[in-house]
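Labels run A, B, C and D following the written order; every chain starts at residue 1.
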Amino acid sequence: MSKFDLTVEIGGVKFRNPIMTASGTFGYGEEFNEYIDLSKLGGIVTKSVTLNPRPGHKPPRTCETAGGMLNAIGLANVGVDRFITEKIPFLQTLDTNVVVNVAGFSIEEYVTVIDKLNDCDGIAMLEINISCPNVGADGLEFSGSPESAHKLTSELQKISRFPLIIKLSPNVTDIASIAKACEDAGADALSMINTLVGMGVNHNTFEPLLTNVTGGLSGPAIKPVALACVHKVYRSVKIPIIGIGGIMDHFDVAQFIIAGAAAVQFGTANFINPSCTVDAVDGLKNYLRDIDIQCIKELTGKLKV
Amino acid sequence: MIQHPSVPIIKNEKLSKDLFKIVFRSKDLASGLRPGNFVHIRVSPEMDPLFRRAMSIYSCENDTFSVLFRAIGKGTGLLSKMREGDTVDILGPLGNSFDPPDKDETVILVAGGTGVPPLHFLAQWLLSNYGFDGQQILFLCGISSADDLPLSEAVEHLDIRMRTSSDDGSVGFKGYVSELLKTEALPYDIKKLRLYTCGPVPMLREVTKICAEQGIRCQVSLEGHMPCGIGTCLGCVVQSTRGEDEFDRICMEGPVFDSNEVLI
Amino acid sequence: MSKFDLTVEIGGVKFRNPIMTASGTFGYGEEFNEYIDLSKLGGIVTKSVTLNPRPGHKPPRTCETAGGMLNAIGLANVGVDRFITEKIPFLQTLDTNVVVNVAGFSIEEYVTVIDKLNDCDGIAMLEINISCPNVGADGLEFSGSPESAHKLTSELQKISRFPLIIKLSPNVTDIASIAKACEDAGADALSMINTLVGMGVNHNTFEPLLTNVTGGLSGPAIKPVALACVHKVYRSVKIPIIGIGGIMDHFDVAQFIIAGAAAVQFGTANFINPSCTVDAVDGLKNYLRDIDIQCIKELTGKLKV
Amino acid sequence: MIQHPSVPIIKNEKLSKDLFKIVFRSKDLASGLRPGNFVHIRVSPEMDPLFRRAMSIYSCENDTFSVLFRAIGKGTGLLSKMREGDTVDILGPLGNSFDPPDKDETVILVAGGTGVPPLHFLAQWLLSNYGFDGQQILFLCGISSADDLPLSEAVEHLDIRMRTSSDDGSVGFKGYVSELLKTEALPYDIKKLRLYTCGPVPMLREVTKICAEQGIRCQVSLEGHMPCGIGTCLGCVVQSTRGEDEFDRICMEGPVFDSNEVLI
């Protein structure tokens, strides 16, 4: 098997394989340590960390939908200080790339969080969540226009010691123009998609299914949307794209890579099948053999159009 | 707490219109399950329904364990149609378990509806693993009507003390099980009493209120929507009494909580 | 049962009940005549009609996705002239409101089509598809900005003899601003959502699953997105909203109405269960009895937030 | 052509690793089905898989009919797991049917893989309803290997002439069934010959090419992704020979076409 080369390089960082976990769906890796061998993964992405600790929204915070789920966790996290003291030590023990996802409510907040992370070892890259749909003002302050995305990216690029992945929202008219703005501002890579804005209603009680009313739609249901975003952005930028959205197995991984992704993240799938990521690493090797391709890198953007 | 991708069903018994009991065979699982634990069952290989379904343990012996559930929706509906020989993907044992009572305490178990299974397992365990005498255990079983008789029958085989109530009076005491609790708990020395409860939220509120008023030590087993069941999604939280902004994950810190730890 | 009032009024037109079929999923009603009693429906919406006949895209034009489907039919239709001679006569025989859906590639085209329809009897309303994602330049010339939506709506409102429903696309950053623009321009009602842009990839052949590469995602998978759109727009406009997206049964109907819709359309569901619409009419009556509400109108926007 | 929401399965027979035969009971359906027609089966009440699955008719007698299929994906996978007593929602009869041959013609049926079922039904029909003599019917059955023997066995019980080919030579003639056709068709007077074919696209291309070259009248039965099966979605089209921009719906104008009507 070892003759198949699954390695990929993103923002100068080498990944064992293109398979990572998505922010908010893998905790800080601790829980999954029991289920899978984390060293088999290309990388793990941590839950969004913010400047201050956030308890998150009141429950119910999640509900099931056809082929997917809604969540309005509300960026619950321990805050950057406790993240550094409590979570980083464990993350440093891991033999995989650790990508720390950062969220904020103003450029200053992002900057402060990154400043603090700059002092930490054991971080491979940062992923900047500019698109969480669950928090205030549609959460679209930064992901809603090319200008705001450009501004944020260039400010963060100036101060970050780590390469930056900008994570994009699909809830926009033209994701490609925002992607281009991030690239122009110096982003090392892009990841997409964050969740789609969605909502559920209880027809018996007339209440929303989520206390927060709206939430983020994820899971297999959104895979077609995510693939279309990746493909559209791939034709617009040169930096690597990390595909996210409804990926459940190695075939899905292949589809995203063919559409233009250099790597992928598994989100909701971790809830359904905790071993989905490691299973996909194995599956991907067999797949490469079947399609007779040596290096996964060759597959990126191979879509016949 | 690991993934068992292919656990065979050895029996699926229809107990009533909508109550079912499934017996699974898995030595690994059966040997690790403790009262209060739950398992997370993948009910379909397809993407709808997407989430696993959480089920408490009704009983566990040697290399088998069983769950007892009501088919209320699409997930439990699919589960109810499974047959001997089918295999399912199960995560478990998950969650914490009930704190054991002291040997000299009297234990009252207050179950409502499908809250029966975990308390049945607890009673079994107290008898077989903690040397409890059947007379020390009082099982109060609340059902809505005679349609749910299989729930109380599922406990009757145990050699313990038991009282049943039904909302419509068609079986046993007419009224809520919490009413039954008020009178049944009276004779006991509250210092030597332990209460464990599981059932619908309104019932839990009533039972924990009674316990708080009377100073009875009480543990509740909670349910909550569980996308992952393993502590990572932060979806299944319940508000803690530690403060407005404090939440506990039912799947990790629970499903069993001291009744004064959580705001139900 | 008759004590329950299912009637609704949209743009001055009275509907027997809030249940209609969605454009492109019900042909011109002919095929379904065999399966269901069309007179039980509030209305039917015809496949988009364009100025010139359109053969549509080359197959494969559809594929199944998790909880949904992709289509890139390509607005296949017989063109307005043959529509008038071949389809209108049958439609006129129906005892239900006929809503004719109109699509175009320029304001002039829309105007010409409507001019011709203005001469026809048997039409209750027009629905203007300003958002088909399958055709040229992202199909977003009109649905992508408040300005363009306003311009088109006011031009058509001037010349149409029939009340106008403007059908909105979800593929935008802020659907509420576009809805508001249509209202300001005189739209009688809004319908939403059209399909989400999506794509599928065959990992064995590296080909897209649709010849047209991208297509429109519909079905239960998109219901949460549609509900969120309806709810957002409901808080921004006063004209009636027709909810569309993943509706499969009367409970889904209720959810859309609670979120803010006055009526609904069933799309993809017709393919899965041809009797879904008439079943939902019956189901809705029982539902009203269960929740103890007399008039469906009272339910609109009843969401507890 | 109506909806039958609850058709009972009276038998589901596993013929090989992945071939299954299901017998359904429905008087309404059985009495209306003609060779070439298909049914559209809802394989799950949930939303994934969403579409119905199209199946040709293998056989039809009195109040039962059967389909013969290969479990290749999630829809047929679910179908293969259904059991006696389960009921399914079926639309049918759908589509057109084969044009009948003249009484004095010789009929060659060329089937590849799961193209067998509709041609088996046609052969049955010619024998029982059109008074054809078994000697007038030649069934050429192409399978990939001995693993698919159940497909040719599914035809052998008919009292007709038959030849089987297999791609790997493990059964009958070694090679494609189109090769077999070339030699087998030779002895006949082309004017008195009728050919019907169903199978994978490459095979259909080859067979219709041979027919075109030799001037044999040929009808093909096509497959195509079918969201609705009833002509409304315009999803299942095939390009017509009428022109670049002309499409026919496989579910309505087909699935049976004169071979010179469509561009396969």
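To be clear about the criterion, a residue touches a chain if its C-beta (ideal position, glycine included) is under 8 Å from a C-beta of that chain, and two chains touch if they have at least 3 such contacts.
Only a predicted model underlies this, so the values are computations on that prediction, with no experimental measurement involved.
J.: Taking a step as a move to a touching chain, how many steps at least join chain A to chain C?
T.: So the least number of steps between the two chains is 1.
J.: Hey, which chain ends up farthest from chain A, C-alpha centres compared?
T.: D
J.: As a quick test, compute the distance in whole Å between the mean CA positions of chain C and chain D.
T.: Distance between chain centres: 37 Å.
J.: Between chain B and chain D, what is the separation of their C-alpha centroids in Å?
T.: Distance between chain centres: 53 Å.
J.: Starting from the mean Cα coordinates of chain B and chain C, work out the distance between those two points in Å.
T.: 47
J.: Give me the residues of chain B that touch two or more other chains.
T.: As it turns out, chain B has residues touching two or more other chains at 47-49.
J.: Please set out, as single numbers or ranges, the residues of chain A touching at least two other chains.
T.: 65-68, 219-221
J.: Which word fits how the chains touch one another: line, ring, star, complete or other?
T.: Basically all the chains touch each other, so complete.
J.: Taking the touch rule as given, give the residues of chain A at its contact with chain B in the complex, in rising order.
T.: 24-27, 31-32, 34-35, 55-56, 58-69, 71, 73, 76, 219-221, 248, 268, 270-275
J.: Quick one: in the complex, what on chain C touches chain A?
T.: Going by the criterion above, the answer is residues 65-68, 70, 138, 140, 144-145, 171-174, 196-201, 203-208, 213-215, 217, 219-225, 227-228, 231, 246, 251, 254-256, 258-259, 287, 291, 302-305.
J.: Which residues of chain D touch chain B in their complex?
T.: My answer: residues 44-49, 74, 78, 83.
J.: Residues of chain A touching chain D in their complex?
T.: The contact residues of chain A facing chain D are 66-67, 220.
J.: Quick one: which bits of chain D touch chain A in the complex? Just the residue numbers, please.
T.: Those in contact with chain A are residues 47-48.
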